[in-house]
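Step one of this worksheet: look at the structure below.
Each chain carries a letter (A, B, C and D) given by its place in the written order, and its residues are counted from 1.
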């Protein structure tokens, strides 16, 4: 397959982007000029974005290939625009808020990518938790500017450091990443799974869910269950042919295996509408089955982060020696009284 | 674990423990007494080891002990000794009490640190010779650097910081390359078509190393020589030595000259030659040329020194050239001579450094223009000085001579045209008479500079620094302690000079084995040489008196 | 160029051209004797070891005396007693010798076995007649001179006295090892040992810079020779596979070579074997002070006179002669070695004699005469007359020791005065009669006055040899000329110092009994000191010890005439008999013929080498020996007369025609002033020392300094540069470490970009995924 | 017009399984957005002096990475992408906690949020 996007166009887009960002980054001393530079930068960036959308769209329609959903474009525009605004805004609080906007835009894209669980998780964790912490810290750690003018802001916020160099490097990097990415993207191997297997293949490991759905659809009589593989315990189900084997079970034998009295197969016509694996099913199964170690690691990381944050942010209280001694005595008497109390109560 | 193995381990571990004890004592002036007692006591296991060593099987690794460390990588802690190692360990142990005693008045502050490091050095020196495992050897090899660095850095004279840094970095850089070479060999042997498993056992590596191609061996040899040649030091890599020697405290100089320099030659003998036999054979002439340049060059430099310690330091460079020459000759006489040189040089040059140290304690100068003619004021000192100078010159009957003789003979011998029939090691290859002749000029040059030194420092009218005043504690001439310090070395020099046979017998088996190894690796055999053929030819000629002469012996020019 | 052509013009005379001369047999005989010794090692009586051990004991005892601060003459008496015992042991060794060489082993020294070969050199001793001959006069003279020294050194009683006798004993020990050693390494041990003792004794007055310098010079110049010797020894081992005499002389290869040399054809003797002799020869030149390595010997006179007498006249310097005599078989197989030895000896003899003529220091004159006489011995060796050489060694040992000791007595008595211009008429002074007479005996011997002196016989043997050996007549004439010069300079000393008007200016040595007398006089104020000497100086006459020794030596010198007549028929005299049956037994066939058969050697044209102009064995148409008596006897008398004319005191006994009135005015002075630069050149020793300094020492010194700077700047500079480069590099890149977080982030991103770019380029070039 | 229909189809959130394979041309714009966001985050990190903003920028880069992961997962019809994003979220949360604690600490010492206030490590 050919390249999705011509490197020349890509370099051009990245160049435009670099110029745009470089203009848009905050600086001082341009209050005299009529058109604020960051407006110019924004326009250039918009041009770059539009040009990219145009190139990608033309290329796709040229080959008769599908384009992303139309909702993608606003999400992408909002996401990129908000992130640009985030790094260019002179007031940290606004930056944080723009970041929330970026996250919400990403959530939209996640939805378009059928990752609805992640989308909501993102909103909850990021926008809800992390960013709020950020806002708190911003407010804690920053002296509020006296006035609304740019001149009142700290240099820390008002002036970007080496904007041109950084933009150049950043976009050179991104150009290289995208060029190399797009060179091979057309040749990516497609999934080995059929669409049905991909979405519903996980059903086999969820026999009780199948039982529940079939039962709700009235396809199972009393004593009937989905057939289970005797070794793995998976449901015997063919998602491509859309057939399900069910069986009549009467108790268990001495080894705990079901005593099968009869079995039959449900055809595709009997496949209930509701019988499909949820995204959450697949994600959960994947997480717990394929990456259990990751859960452990993540847990440790979070624990350590919690401890670390506690230790770091703790304020060191300098106690006088006498004060320490007093404290110790106080604690000592407290324990003493406890002990004596308990002794007394026992008595 | 046999009793002897325990003793061998004790030689390494006891000094370390004592070092710890000294280091953690509260009084910063402690250390002399425990170090002295320990170093004297270590003589007991050392002599026991000699007594129990089976010299008839000198090449066998005796008192061996090995525990596995990392099995998958073949890492072991394995020690043991053949007769060559034994003798060098003995030298290290013998120098122990000497250097401690020599330091009694020389080191006045931070004694705790000084003696602790001295003990660590003692352990490392024994370890390096006792190691039967490449890694252990290398660890000990490098571990000798650290104590020495501290001794120079903390207890040296004026320019000590630069000296210690140069000493450390120079030798360390070299030995890193040695490590690279060793790692390559280990990797090579671990290849499936070789042994196929990781091992660091020196004997095992030696078996397989000769399978390497010529190119590989050359690189391995170069890598190993990079470390060992710096340590020896061979000619262009010697510049750290004069500086380090000059700045080091007396004990440091003695150990440096006595043992640490020998690590280089020992390394060549034990590793470079067996592990790269073909390449060493190929490049022996070049190595010999470097050593000869070193002999002459360093000798001449000695001659114009005014700093007496620098003079002796350069003389070490010159002397060790003979040692390397013997190794490069690749025959029995050469190896024997070289090993003898390792032992003997420690005694005589160690003695010279002690003499200089005692003088320095009294006069606080090493400049021969400032101080001199001391024979009239310090006759005992002067007697010892002349004695050690003569030992260093290579006077027959003293220690320098046997080794020098054997080294020079070996240079002759390794040219077949000049060698008697069927001499082992006479392959018509590497060296030849010219090597011996040029190396021999070292004898004359040695006499020149050492007599120059003796003439200035001992003889002539008395010269003392203007602000000289007698030492608070030390007598004008040598004290009893100092005489006792020197006596073992002096007696050693004489015994060595009169009884080299003892040592030659002891090392004959390992040396013969090494020569056989080199011969086999190079596909050589001690065939009848051209001299034989010439003699036969001459006989025929004499009988028939008519055969025209086809032979013109090589080098037979009378112009 | 000249030397090259000279070498080409001659080569080894083919002395074995006549099979009847019997040298093949001699060679066989030697081989049998040697083999006997080889098969019966360590067969000799153990008491022989005493000869070596007693001096060691003396050394140890003297060292103890020194350590315990002895301040008496006990060291001297100990030494004398021990050395005398050693001499007696030597005598009994001589008397009990049964005609076969034997070895006695003290202990194993070198014993290196490898394969089926071995390098063996034990601390053992090889006794044959050559050894005995040498040891007799070594121990004998050592005893006598120790006696002499007991008085001579008495002003140094104390540490110096002990030191002197310790070194003295060590010297005798070393000399014994040198002469008696049964292998070349023992010889080398002794060789270096005597060098060391020579060093220690020359530098005895170690506070005098000149003495220290002389000692150093002696050791280093000797060491150059030793290098040759050492290489020769090594090459012997490498070539013949042994350094033990008994095995070496029985070596088949060696005898193959000798047989080849007998045919005059050296082309089949490998160069290696021929080189051995050339290398050993260098060693001999060094130790025996031959040109060009003779320069140390005159300077060595800085040592105490007994040392000069024993070491630098009688014994040590003859070690070179011993060496060549001992290894005569090896020298015989070398085409060029012996001719070179002959010529070098001749040149040395002449050169030293010319220098000796112009010196004023009497000890130096004796030193040059020693060099000159050693030249004679070497010439004799080169002329295939080991007997002549050995005989001259013996007689020379006696009379030169005598001369030195007499000079030493003068020096001792006149506070170190040695300038012959400042002494006169010593023999007439009170108490100096014995010295005068014995000095005269010594001078006559050295001058070689015919028939009445032993020096005459030994010198005559050499000169005759030169004239009868084809192709070496030139050497003969030079040596005759030298003999005349010898007579002249010898009697110059005698006439100026010992006869004539009594006059003496004392030397600058303060004669108090102080341990350190010899060094400290420089610190004294010179003015009053000198006055004191010139006004109130009283020479103190020699005591009984000195006189006794002088008398004994004078008698010995005269008595050794008889040696020429003992066994004259078989062996050229007693010395010949001692040399025969040793490895030095190859005496010239010409001489043998000349002496015994008086046959005309018309048919003895050598195969190789030019033929002399006259028929062999003829001098002035006479038998060589008779001719020599005439020529050299007349020459000696002529020389004495010339000396008398130029230096003799005016009207001395009305007998001579001398014109000297005061000690420093003589006819010669006037002539010397008018003779142009020649006398001055000779006085300055032909500037040989200066030439050596200019062409050897100074350049070497400069080279050393250059090396030193190369080492300091270039080699160490390179090392430092390597140490410095990282610092420069760090200095360049250090600013990039701004410490600001984003600076590092920028470089990280940039680095990532570069990396990606590289990957991309590689992928594109390899036509990778696209 | 059928594009619009398709769009509405895919927004039917009830239909939660992977509807169909996602072609590369659809993947590419997502990746492009992801790359752009990453670049912007990077530039922000490099240029802004305020440490809080810098940390925000790292979060933005995390987001970009997460988007790419999910897009690729969708392309391959696999859930691993999302699983990794969970992990990324954890790391981001941990990082935020630590980073903000650090910022508070540093701010206490220097009374400034500028990253340039801490450059004792300069060479």
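Rule of thumb we're sticking to: a residue touches a chain if its C-beta (ideal position, glycine included) is under 8 Å from a C-beta of that chain, and two chains touch if they have at least 3 such contacts.
Here the structure is a predicted model, which is why all the values come from computation and not from measurement.
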item	value
Any chain in contact with chain B as well as chain D	C
Longest centre-to-centre distance from chain D, chain (CA-based)	C
Where chain A and chain B are represented by their mean Cα positions, the distance between them in whole Å	69
Approximate Å spacing (C-alpha centroids) for the pair chain A, chain C	102
Chain C and chain D: spacing of chain centres that average the CA atoms, whole Å	98
Between chain B and chain C, centroid-to-centroid distance (C-alpha), Å	36
Junction residues of chain D, two or more chains touched	42, 46-47, 49, 116
Numbers and ranges of chain C residues touching at least 2 other chains	742, 746, 749
Residues of chain A touching at least two other chains	161-162, 165-166, 169-170, 173, 177
Every chain pair in contact, whichever chains are involved	A-C, A-D, B-C, C-D
Chain D - residues contacting chain C, complex	42, 45-47, 49, 54, 115-116, 118-123
Residue numbers on chain C that touch chain B, as the complex places them	4, 7, 107-117, 119, 123, 159, 185, 188-189, 191-193, 196, 199-200, 203, 206-207, 209, 212-213, 215-216, 219-220, 223-224, 226-227, 230-231, 234-235, 237-241, 253, 256-257, 259-260, 263, 267-272, 274-275, 335-336, 516, 519, 522-523, 700-701, 703-705, 707-708, 711, 715-716, 719, 723
Complex interface listing, chain C residues touching chain A	742, 746, 749-750, 752-753, 756-757, 759-760, 763, 768-770
Of all residues in chain B, those that touch chain C in their complex	166, 169-170, 236, 238-240, 297, 300-301, 303-305, 332-333, 336, 373, 375-376, 379, 386, 390, 395-397, 401-402, 405-406, 408-409, 412-413, 417-425, 433, 436-437, 440-441, 443-444, 447-448, 451-452, 455, 458-462, 498-501, 504-505, 508, 511-512, 515, 526, 531, 534-535, 537-539, 541-542, 549, 551, 553, 555-559
Chain C to chain D touching residues, read off their complex	730, 734-742, 745-746, 749
